[in-house]
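Here subunit A shows up in two complexes: once beside subunit B, once beside subunit C.
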Partner chain A sequence: MKLRCERDVLVDALGTAGRAVAGRSGALPVLSGVRLEVTGDHLTVTGTDLDLTITVSSMVNGSVDGVVVAPGRLVTDIVRALEPGAVTLETGDSESGDEDLRITAGRSAFTVRTHPAGDFPRLASPSGDAVTLPAEGLSEALRQVVRAASGEDSRPILTGVLMAAEAGGLRLVATDSYRLAVRDLPGAGAVLSEGQKVLVPSRALGELQRLLGSAAGGDVELRLGQHDATFGTGSVALTSRLIEGEFPNYRQLIPASYPNRLVVGREALLDAVRRVKLLARDATTPVRIALRPDGIELTVITTDWGTATEDVDAKYEGAEMTVAFNPAYLIDGVEAVPTDEVVLDTLDALKPATLRPTDSDDYLYLLMPVRVS
Partner chain B sequence: MRLVIATCSVDYTGRLSAHLPTATRLLMVKADGSVSVHSDGKAYKPLNWMTEPCTLVEAPGRWVVSNPKGETLTITIDEVHAEVAHELGDDPGLQKDGVEAHLQELLAANPGSLEAGLTLVRREYPTDIGPVDLLCRDPEGRAVAIEVKRRGEIDGVEQLTRYLERLDLDGRLRPVRGIFAAQQIKPQARVIAAARNITCVEVDYDHLRGLDLGRLTLF
Partner chain C sequence: MTAGNVATLWHTGAVARPTIIHVDMDAFYAAVEVLDDPSLAGRPLIVGGTGARGVVAACSYEARVYGIRSAMPTARARSLCPHATFLPGRFDRYREVSEGLHAILSDVTPLVEGIALDEAFLDVRGAEALFGPAPSIAADLRARITAELGLSSSVGVAPSKFLAKLASEAAKPVVSDGGTRPGAGVVVIEEGQELAFLQPLPIEALWGVGPATAARLRRLGLSTVGSLAAVPLATLEGAVGRSHGRHLHRLAHAIDDRPVEPDRTVKSVGHEETYATDRFDPAVLHTEVLRMSDAVAARLRDAGVAGRTVTVKVRYGDFRTITRSRTGPDDLDASRDVARAASALLDAVDVSPGVRLLGVSVSALRPVGAPSAEQLTLRLDAPAERPEAERSAGWAAAADAVDEVRRRFGARSVGSAALIGPGGLRVKRQGDTQWGPAAPGADGGPGSGGRRRERDALP
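Presenting the complex of A and B:
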């Protein structure tokens, strides 16, 4: 295998595919590597940990077709450290008979041991019919929903994002049992047939969100297989296994109506919560919100550090009360609302509250209060 | 258990010679006769010790501990600061899987956390192949056998299946359905459980213990 291309092209491809490379390769050392394949002037770079696979395609100046699996992090670090300009990758036999990868640029030359290419797992081609989603809309929906998924492997179902057909559109749902985010994408109903639903790992969708965030406009091509989902955007294909299991019945958690409604400026609330949160030195200290007709008062009380309070102008209709939330979860929810003002609906201090935008019902963030004395 | 805090020096002779210069230390004499010398540091390891069988001969200002191998620990005591003796009795030993036993205990106290309306009949309900962790009745009066594991794997489902077969032979209980409860249940175990109409329930240990007091959850 031999190719020549600009350093930055290679850095992008290796960096993107490398995000799927297994951190700890465990029983399969080859998974710590990235697979590079040259066919003509076409380079594909693939990284996988068997749950998540990212493949990047790039145009290069290919001289010799071939495949090599090289240590992912090492090769990425080497290429990133090279002087800007052309880089040449070439495989060759080492003195011991194994295959090495030679990386040269300017006056720099590295020779790197490789993994046997035959050990790299055979990855199935994307299955299912392709449907297209607007990248911008999907990226925003992922930004709003992925944050509510659980990061704890002890409950694997909650580490996923539910994608379900809903009223002719696509609905994304995630929950970690303390909060729940629901986002509807109207008009994206072709992705799933009515009643169909899949559970995609939030890690994969977080990576997709990163990819979409760096791409301007365009579409995302989605293929759903029986056990996996593949998202294609530009020159990158991201394949994730699906999570098997029954997602919690989230519909029953969403109250039909609320007697109390707060409307508050999004940035003003965010700034105030971030300030008083400075005193919440651990993850369990809540922020208390006193809801009054003339506005709200935020308070954080800690035995060890002291007290912080801040008043924020707001419109409130309902019974005066104090409700407390995990400040990080509250910030996550307020950040995800796209409008200048945020609606906070409450039942009482111990029942789920809902954050939503002022102008649409497309997004909902259900947040469980924290019990305080 | 006899505990003596004393300013002392210690000399060991046997396979080698070792000397601890004068300092204040804790001397521990256990019911089995073993003697150990501790400093005020480290979690468990004594500075010097003599395991049983050994003999302690006490003289004013001097303890001599010896064993049949000819090793000798000589403790020269300058001053005794405190001394206490207490009968500890038999120790139940280390429970290597205390979480699993505690889970069973917590679920027995609150079977409704597994399924609404469950009431406990008995913990460790006996069958002729061993006891099932919990036997309950649901609101319709049907018997429910519950196997509790820390990690829910195929073996646990197989175990519950065998119990269900045995319990179904009892006309007072038949038909018995099963619940497989664990902190985390592997996908393969879920598949097998579903094929056998066994309900899988993942339980939150901290929640059952009340350690997440104040952290209300949506479900």
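Presenting the complex of A and C:
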């Protein structure tokens, strides 16, 4: 294999594919490698940990077709450190008979041992029909929903994001059992047949969100298979294993109506919560919100550090009461609301509250309070 | 600044007046037994687990003449001295005596740091103005302990905790083949004498040097604290790791600036138990977990604390030991909640090799009544379940009722139905079989007869 290209092309490809490279110790050694394949002037770079696979395609100046699997972290570090300009990658036999990868740029030259290319898993991508989603809408939906998924492996189902056909659209749902985020993408119903649903690991969707964040506009091609899903964005394909199992029945959690409604400026609320949160030095200290007709008062009380309060102007209709939330969870929900004002609906201090935008029912963030005494 | 300068500074830093006192009771548990039963005086006496797997918790100086030491398997002690008296230990009684000891110490200064029932550090820098120089305070304390408690103690006085502890060790009675002779009782390490005292000692005298570290240091030809002090810091760091090396280097130069911390807050509350034979049956182990959880929860409530982390410890027959812990969002102090978490942890442990020791503990403690916060959860499963709030409140009330009944009618008056055995309710109490189980039919042990029975009875 031999190719020549600009350093930055390689840095991008290696950096993106490298995000799927197995970080865990104990994985197969070959999974710590990235697979580079040259066919004509096409270079594809692939990283995988068997759950998540990312493949990046780039145009390069290829001179010899071939495949090599090189240590991902090392090669990425090397290429990133090179002087800007042209880089040449070339395989060659080492004295011991194994294949080496030679990386040269300007006056720098590295010779790196490789993994046997045959050991790298052959990963089949779903072959079903592709459907197209606007990248912008999907990106926003991911930003709003992925954050509510659980990061703990103790309940694998909750580490996934549910993608389900819903009333002719696509619905994304995630919960870590403390909060629940639901986002509808109307008109994206062609993705799934009515009633169909899949559970995609939130880690994969987080990576997809990163990819979409850096590419404005465009489309995402989605292919669903029996056990995996592939998201394609131009030059990058991200394939994830699907999570098996039944997602909790989230519909029964969403109250049908609320007696109390608060409407408050999104930025004003975020700024105030971030300020009083400074006093919450451990993850379990809640922020208390006193709901009054003329506005709200935020309070954080700790035995070790002191107290913080802040008043925020707001419109409130309902019974006067105080409700407490985990400040990080509250910030996650308020940030995810796209409008200038957010609506906070409450039942009482111990029942789930809901954050949503003022102008649509596309997004809902259900948040369980913290009981304080 | 060169490394040499740093070492010199440290030398000067170590020179301070001896104002830290370490009080250590002599053969405490054994001495309390003799106090309560003078007929045992002058005889080899061993307190600890009396069953096949018990260990020696304490032994009288008469027993030490036979080579018996703390932490030795009781079976070994029995073969070394078959005619010794073996007692299972009475934790409640030791604690009672310990409270008397701490009351005496607290008369001198509020700066008392209890390390164990039978040992404490005092910082008497401030108290010297009232009671005279530290060495005379030490001598007075020792005399008062003898007069008021009828027990003998050894007292060390030095400029730091580490040296004070070594000094009290040097004040202990001396055991030799010929018998025991009294020790100095009080040993003072005077200002300027720190290194002269410290450096001839074997490296094992340093806090943090166990058998593994000692072996590694001896391979480097380092057998005394003095030889260790002479080695460059970098060499030590290379031999035993960076932070450990630094720590030993400082100690070898008599540098220890840890303050005496009064009222050491409890970090965790736990119980563990060694079984006479390995336990294989998960059902039996789950009952044991319930029993220990109940005892742990009662002590948590007694101390007015609750904790978020529950840990289960399992030691297999081959001494391989594993711990599994779980930190939840809520502070737990109800038996049922602790037991539920501990049971779930035990479920994830393979008990098929046979369990020799089982333990349950709760940590990440907070005072109950301090502003508390409980993150409520969405009811993702089982819509039929009662609301979380109602359930917790119900069990907290039940736990309070259990505590009240036990206060009035004794520890074995009420407990979980799963704990009822042929001998009645088997409630775990602190100190029970901590050093291994009693021999069948031996003294102590719930429901068994024996000499100590009347003291074991409920108030």
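We take it that the second predicted complex is superposed on the first by the 371 of 373 C-alpha atoms of A that agree within 3 Å, B and C clash if a C-alpha of one lies under 4 Å from a C-alpha of the other, contacts with A are read in each partner's own complex, and residues count from 1 in each chain.
By definition in this document, a contact is a pair of C-beta atoms (placed from the backbone, for glycine too) under 8 Å apart; a residue touches a chain by one contact, two chains touch by 3 or more.
None of the values given here were measured: they were computed from a predicted structure.
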Quiz item: Between subunit B and subunit C, positioned on subunit A by superposition, is the outcome a clash or a fit?
Solution: clash
Practice problem: Check whether A:T303 is in contact with subunit B, with subunit C, with both or with neither, and answer first, second, both or neither. | Solution: second
Exercise. Check the residue A:G225 against both partner chains and state whether it touches subunit B (first), subunit C (second), both, or neither.
Key: neither
Exercise. Could you look at A:T175 and tell me whether it touches subunit B, subunit C, both or neither (first, second, both, neither)?
Key: both
Practice problem: Once the structures are superposed on A, label A:G265 by its partner contacts, choosing first (subunit B), second (subunit C), both or neither. | Solution: neither
Quiz item: Just subunit B (first), just subunit C (second), both, or neither: which does A:T285 touch?
Solution: second
Self-check item: First (subunit B), second (subunit C), both or neither touched by A:E244
Solution: first
Quiz item: Once the shared chain is lined up, is A:M368 touching subunit B (first), subunit C (second), both, or neither of them?
Solution: both
Self-check item: Part of subunit C, among the options 291-299, 345-353, 363-371 or 417-425, whose backbone runs into subunit B after overlay
Solution: 345-353
Quiz prompt | Residues on subunit A lying within both footprints (that of subunit B and that of subunit C) | solution = 175, 177-180, 248, 253, 284, 286, 326, 350, 352, 366, 368-372
Quiz item: What part of subunit C is in contact with subunit A in the complex they form?
Solution: 329, 370-381, 383, 389
Practice problem: Report the residues of subunit B in contact with subunit A in the complex, numbered from low to high. | Solution: 183-184, 187, 190, 202, 213-219
Self-check item: Residues of subunit A touching subunit C in the complex
Solution: 158, 175, 177-180, 248-250, 252-253, 284-286, 301-303, 324, 326, 350, 352, 366, 368-373
Self-check item: Touch list for subunit A against partner subunit B, complex
Solution: 153-156, 175, 177-180, 244-245, 248, 253, 284, 286, 326, 350, 352, 366, 368-372
